[in-house]
Amino acid sequence: MSDMMDDMEGGEGVVKKFMFVNRKAPHGTIYALEGLEVVLVSAAFDQDVSMVFADDGVYELIKGMNTKGIEVKDFSKTYRALDGYDIEKLYVEKASMDARGLSEADLIVDVTVLDSAEMANLMAEQDVVISY
Amino acid sequence: MLHIVNKSATERNSLESCLRMASKGSAVLLIEDAVYAVTQGGVAAAQIQAAMADLQIYALGPDLDARGMSARVLDGVKVVDYGGFVDLVTETNVCQSWL
Amino acid sequence: MKIGIMVSEGPYNHQASDTAYLFARTAIEKGHKVPRVFFYHDGVNNSTKLTQPPQDDRNVVNRWSKLAEEHGVDLVVCIAAGMRRGITDDILAPGFRISGLGQLVEAGIQCDRLVTFGD
Amino acid sequence: MLHIVNKSATERNSLESCLRMASKGSAVLLIEDAVYAVTQGGVAAAQIQAAMADLQIYALGPDLDARGMSARVLDGVKVVDYGGFVDLVTETNVCQSWL
Amino acid sequence: MSDMMDDMEGGEGVVKKFMFVNRKAPHGTIYALEGLEVVLVSAAFDQDVSMVFADDGVYELIKGMNTKGIEVKDFSKTYRALDGYDIEKLYVEKASMDARGLSEADLIVDVTVLDSAEMANLMAEQDVVISY
Amino acid sequence: MKIGIMVSEGPYNHQASDTAYLFARTAIEKGHKVPRVFFYHDGVNNSTKLTQPPQDDRNVVNRWSKLAEEHGVDLVVCIAAGMRRGITDDILAPGFRISGLGQLVEAGIQCDRLVTFGD
């Protein structure tokens, strides 16, 4: 814990519900990649972590990406490694999938598909929501 | 829960997504370019009016003023200043920004 | 109440940093604490001391430094995001420090609220 | 004339605006996140198919590959590489980017 | 003319049609303000300059802005000064105005309102289009 | 043909600079000239020599410098946009120079085409 947070007592041992909301397509902007970096770091803090993929964020999980032609890092395999960090709660919004003509078979990892109302309830019960 | 939207509803999909995934009784605060959505005559007005059945809609006054939109705010929308913004954050259990 | 803040865009190009600053200042005026502001993505560009905005404009970087000095706000710049974008200790404005993403997660754990400002 | 669109049609309004203001016979090149619009099953597909009556629709292959979308491209859309992008710029009289 | 452009013969005396396309709302991003800076500079080059306001760009011209509360520069008066720089061709797309419930009476300067097809023709006859 | 380029976003956060670079390199390979690339808005952030991207990633700034060195491309950073964002001569990577917006208008006049890459 850093010096500047000294006035925050009682932080140790707290387990909060952290949700990371991914709403951006990969490659066009860095949010998907840098968002993943936060999630991996959060794993070290023993929190109750979930990831949501909605809107263009569902495109982050598409199979078969090949980034050679645009000369950027292909980070899509990292989603498969989340499991090893005990990050297992991956949620996808159904309306977002439908609007893009996608199904679970198109995705690189196993996810739980929720309708918009279920997603709303899940969000409302979080302690911290970080979105990008 | 507090949902914060900062992008224009005529440019991006974030307001629409927020309204779709906001649970009943939530507060939605529009800031920055998102404040255009609560003005009369715009395409988002109907969406906002429908949403007010289930959600509390707020807009940040200083952002409305900066855009010359303060006199056009839809009935039922609550205009708050930065102090009101802080209160919304502290009085709800969690907040989410729809970037 | 303790309110943590994350800023995801750089100064001037987007309003995010302005809104975050005015929110933070107001929260402090109302008696809340803002223990930490975490600068991520292009938000790391808020921390360079080399900006020279026009005389008749606000100075985004200096405002953050002043808030840190007067109210003990911890201004943390993400090291990984900063390295990608050319933010180093040599050009850091007063009050900012470079550290890891763990500082963001820690702020989420220890603060009562975490508010994100971005594009 | 060449119109270049780089943003996802499900996130922003730029493709819609471009199609509305593109004169008959113009070329429209989709790059970066805009390439999702020319894929099967998406909400923009119908818009693209209707637009092909008056406009030439192109998509940048390397951006489709990077996004795993190369096998899903709509019929009638011409996929080009960076060389084809350069050719489109030089073979039309002027280009505009819909940022 | 700079050294690096030495291999560009014949630049002097050329008059090209320059169009600056404004599609972003003011204040939320800097594009409106910095876009205006380019337009003012272009006036010194004796080119045939026009400005287009479409989509959220029409919001740049709204009367009665007061930016004190957000502590940023109010640059909206600069649009009124364009006239003094001989920049007189200001075009607004009708569909963009309609979608936002705006009419010419709401705008700080006189503009020519074009329908989408007229705007399309105007764009197609330019030599240089700079957009933001 | 002479093709001028404008880049409006910084490195890594948006793909704009990557696409602009690949477009420029390809145009040169095909025998065209790219006399000038003008960096405006957050695009000025492409010019800092202080970036240190991860080893396994591309180096956006160095690629531009190399293109300038090998093909005489004039990399111009807008002075007004650069001052707002903290880009000064001291941190400029090789091949970049700081100048005014007139250089963008001039590129528009003297090039056969001007292509913009942004957000």
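Order of writing sets the labels: A, B, C, D, E and F. Residues in every chain begin at 1.
Here is the rule we go by: a residue touches a chain if its C-beta (ideal position, glycine included) is under 8 Å from a C-beta of that chain, and two chains touch if they have at least 3 such contacts.
Every value quoted in this text rests on a predicted model; they were computed, and no experiment measured them.
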| item | value |
| --- | --- |
| Fewest hops from chain C to chain D - one hop per pair of touching chains | 2 |
| Starting at chain A, fewest touch steps before arriving at chain F | 1 |
| Shared interface partners, meaning chains that touch chain C and chain E | B, F |
| Identity of the chain that, by mean CA position, is farthest from chain B | F |
| Interface with more contacting C-beta pairs, comparing B-E to D-F | B-E |
| Far-end chain from chain D, centres as C-alpha averages | C |
| Averaged-CA centre spacing for the pair chain F and chain B, given as whole angstrom | 38 |
| Where chain E and chain F are represented by their mean Cα positions, the distance between them in whole Å | 23 |
| Where chain D touches two or more other chains, by residue | 6-7, 10-11, 13, 32-33, 62, 94-95, 97, 99 |
| Residues of chain E engaged with two or more neighbouring chains | 27-31, 55, 70, 72, 127-129, 131-132 |
| Residue list for chain F, restricted to those that touch at least two other chains | 8, 12-13, 15, 19, 22, 41, 54, 57, 80, 114, 116, 118-119 |
| Every chain pair in contact, whichever chains are involved | A-B, A-C, A-D, A-F, B-C, B-D, B-E, C-E, C-F, D-E, D-F, E-F |
| Residue ranges of chain D in contact with chain B within the complex | 10-13 |
| Residue numbers on chain B that touch chain E, as the complex places them | 6-8, 10-11, 32-33, 36, 39-43, 45, 61-63, 65-69, 71-72, 81 |
| Residues on chain C engaged by chain F in the complex (per definition of touch) | 10-13, 41-42, 45, 48-54, 57, 61, 80, 83-88, 90-91 |
| Residues of chain D touching chain E in the complex | 1, 13-14, 17, 20-24, 26, 93-99 |
| Residues on chain A engaged by chain B in the complex (per definition of touch) | 21, 23, 31, 54-55, 93, 95, 116-117, 119-121, 123-124, 126-129, 131-132 |
